[in-house]
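Okay, so here's the structure we're looking at.
Per-chain numbering from 1; labels A, B, C and D assigned in written order.
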Amino acid sequence: MQIHRDQIVAWLKAYADLLSEKKEYLTELDAAIGDADHGANMDRGFQAVMKKMDELSNQDIGTIFKTVGMTLLSTVGGAGGPLYATFFLQAGMKATGKMELSLAEWSAALEAAVNGVKMRGKAELGDKTMIDALVPAVQALKTAQENGTSLSEALQQCAHAAEEGMKATIPLVARKGRASYLGERSAGHQDPGATSSYYLLQTAADVWSA
Amino acid sequence: MQIHRDQIVAWLKAYADLLSEKKEYLTELDAAIGDADHGANMDRGFQAVMKKMDELSNQDIGTIFKTVGMTLLSTVGGAGGPLYATFFLQAGMKATGKMELSLAEWSAALEAAVNGVKMRGKAELGDKTMIDALVPAVQALKTAQENGTSLSEALQQCAHAAEEGMKATIPLVARKGRASYLGERSAGHQDPGATSSYYLLQTAADVWSA
Amino acid sequence: MKKLINKPEDVVREELEGIALAHPDLVKVHYEPNYIVRADAPIKGKVGIISGGGSGHEPMHGGFVGMGMLDAACPGAVFTSPTPDQMLEATKAVDGGAGVLHIVKNYTGDVMNFEMAADLARAEGIEVESVVIDDDVAVQDSLYTAGRRGVGSTVLAEKLCGAAAEEGRSLKEVADVCRKVKNWGRSMGMALTSCTVPHVGKPTFDLPEDEMEIGIGIHGEPGRTRMKVKPADEIVEMLMEPIINDIPYKAGDEVLLFVNGMGGTPLIELYIVYRKAYEIATKHGLKVVRNLVGPYITSLEMAGTSITMLKMDEDMLKLWDAPVKTPALRWGV
Amino acid sequence: MKKLINKPEDVVREELEGIALAHPDLVKVHYEPNYIVRADAPIKGKVGIISGGGSGHEPMHGGFVGMGMLDAACPGAVFTSPTPDQMLEATKAVDGGAGVLHIVKNYTGDVMNFEMAADLARAEGIEVESVVIDDDVAVQDSLYTAGRRGVGSTVLAEKLCGAAAEEGRSLKEVADVCRKVKNWGRSMGMALTSCTVPHVGKPTFDLPEDEMEIGIGIHGEPGRTRMKVKPADEIVEMLMEPIINDIPYKAGDEVLLFVNGMGGTPLIELYIVYRKAYEIATKHGLKVVRNLVGPYITSLEMAGTSITMLKMDEDMLKLWDAPVKTPALRWGV
């Protein structure tokens, strides 16, 4: 089973819709330990992506990802902007010219994407950032793929790992990003970036397994 | 019967005490239709006068009044400062070199004082200012004195006229000073300057009749 | 009341000490009586210019003392007119033999105290002219009141007269510049929040969380109307309309547009206000050729704005562009 | 929320329109991507200097664009870092062939966006150096956080680097000036009230009527402690102590003392703060040889202040005194 270009488009659309819906919630999470803009930032970015969808939707996956990355880069701002931009730009490099991705290809693209985010943000696992959702998700997907798990099952395992990682941010003390200024006071709150990252991978699992 | 220099000094001291006591009340009146400083301003001025009392108390009445006037001029500020300063400076001119004042002399001094306030402030009777207390008071004192009324009775009539004038400011719409910006909204409030003027003349009646 | 102050009664003195420490190259501060004077005063042969008023409107007036603007400023207690002894001493300190101009804002207290100071100065042989600025169009029926209040035009008068004096003009000529500003300047202000006078300790007026006061004075004097808060563009219209209706000049004339912050309103909002004010002025055919945007005549920490429009002729443009070197306004030098 | 704005989403654009209308002689405004650029950019042979950050800190940075300071400023959404495309376009617009310095405040978003912009600009053949200002001593354990935040020193860096570039110094030399400021500048701030981000519509944090937050960041980031409001002198001590404890210089050194207003605090209070800050610096043997007092790096309408101290050497004094002509800082020209 392959992930077709149209499914990529459907995924991005579904994620944009989810962000519109979860915008206030993400902003609330950011209000607790950041500056109350993560929801608005992400929504603005993906609305801009949506505006480009018509002309994008018959491009190859690499072009789609890179355009998404460049669009996020110029519309999101803050910390989330360059991080998600890097995510899609790096994923795009792995998908240049492709009209569909095998599970192995998607796994490699996701790994490249997350490595890009790591390089850009220099955050480690446990710093209470989106890395805490993304890194376990990559690992889960890789393992599932290597074990020959079905696409839909692998995607669910990936999303599940992201969710666990997101929840695991709750007790953590932030050491990167704006939340780090809070020190101990950042513990007890779920990281907004980890939450938006979990949504991204959960949406992939939902849309591509459907 | 005469008003002796020492009685003038006693009057000023009693008035300073009364102002300390009524400071908040005067400021409250000013808060309603002005800028909430009349009590503080007058108290500051008469406290400064009190500091000069030791060296002043063996001067002649003219010198005392002029010094009070100059002291108020440099310590009160606002509208009240120059008006009360003018009051005492003008009264002082009529009392130059005198160690005591007859009722006729006091009446003339008060008239000069109030004319000075009129000239300085250009307010008319009914403009809702201290003029509304002072002008009827002068008139009452003059009439009483011309009718040969006793000093203590004349002073009481003077103070009573000031009180009536003060109360009469309540329904008026202010046409001078800060209260005039309120227009119709100034009606229903007693004028703070008319109130401090009434206190001044009531104190004279009380102290000099005692 | 939350303020960066120590005791309310020390506010003015401590502020003056701060000014003295911050700007020794520009001004000297004299205490008891309080006045701020140009470091190089008096300047022989130059007309001296002084102004003054209650404190709480900073940078006006102390921040405008220096080359090309005021020679001295007399700060009163917060929102209380200064006293004639301050004005007299300041007048003497800046008199370079060419006379002294008193720029007075039209408030009963200010007018009377400056009048007495002028009398006293004249008695000491100093030539004094006084011009009373009364540009606040919010005051209606000015025949039945103390008259229009002096607000934003005062700042502009101080700049233009300062430049005229610096050029060596005579007292009458400098006062003529001031009278032009008096005749051609129109202002109106509004408040989103009240201010709190330090020694009073509670807000001067109550303004519900969703209301604003249009036509407010710089001491929190009540305005024309109180209403629900509106978008900035509508507020600017409500300020510009009475100004435009009142100006004694017409389409095609050149104007200076001054958007002032009341003390608690940040610059980002003032530029939004300026944008709309400029649009409205232009729509009426007025040519905005100069401007000033910032908190120059404030009302403690009040949030709000005032707009001032002043017709400019060629001479005034030259005077506006002339060098000025004060703590709060500086260019050309 | 009471603000002089129209729709929250239009705040930045309308502010930029206001700036463009108010200062056409000094700056041009470019929209989509948004940046404010010197009217005469690019200047051949001169190092270009750009900075940027979230809006809401006005006059920083747009108010510092002009001769002797920034060549361009990139305003993001309110309190949100601008994006690399803005920075890239601004970099291209100011490159006069001598390279471009990016002055970056140390916030994760700003740093990453500027990094990506620098990469993109280098890919287009423009030499770029970046210096990250991180002067906020309120941030403790900076090894375990995103590091100290960039605050007041940024304004001073922009002035000094601007003057160095104007002199014709090389990119490395201009960046060296910036690194000196980075090494020698220390700041700390406090808030009496919160600010309200327009699109959020409610205060960033709750501060009871009798409390203040010491060590606050310019986006309302939490500080070191929250406590009952104290007299100004005690507050200044609480800000100066961590600064003095952290400075890598000693008695006898010359410093610039910068007392900044957070947006909602009027000048009268800032001078009271300056007075005490000067006294404390002097008591520690530091010679305050230059100063700046006013709202230069604000946090919307937040009431509060921040203090910045910067050691000055001879070269920096010369650069500070050099002419500057921007909407918000102007002298010598």
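Criterion: a residue touches a chain if its C-beta (ideal position, glycine included) is under 8 Å from a C-beta of that chain, and two chains touch if they have at least 3 such contacts.
No experiment lies behind these values; they were computed from the predicted model shown.
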Quick one: which chain's Cα centre is the longest way from chain D's?
B
In whole angstrom, how far does the Cα centroid of chain A sit from the Cα centroid of chain C?
56
Averaging over Cα atoms per chain, report the distance between chain A and chain B in Å.
79
Let me have the rounded angstrom distance from the C-alpha centre of chain C over to the C-alpha centre of chain D, please.
29
For this assembly, give the contact graph shape among line, ring, star, complete and other.
line
Touch relationships between chains, expressed as pairs
A-D, B-C, C-D
Of all residues in chain C, those that touch chain B in their complex
33, 54, 76-77, 79-86, 107-109, 112-113, 115-116, 139-141, 144-146, 149, 197, 199-200, 204, 217, 219-222
Considering only the defined contacts, which chain D positions touch chain C in the complex?
2-7, 11, 14-19, 21-22, 55-56, 58-59, 63, 192-193, 209-210, 212, 229, 231-233, 235, 263-275, 278, 288, 291, 293, 295, 298, 300-301, 303-305, 325, 327-328, 330-333
For the complex, which residues does chain B have touching chain C?
27, 31, 35-37, 40-41, 73-83, 85-86, 120-121, 174-178, 180-183, 185
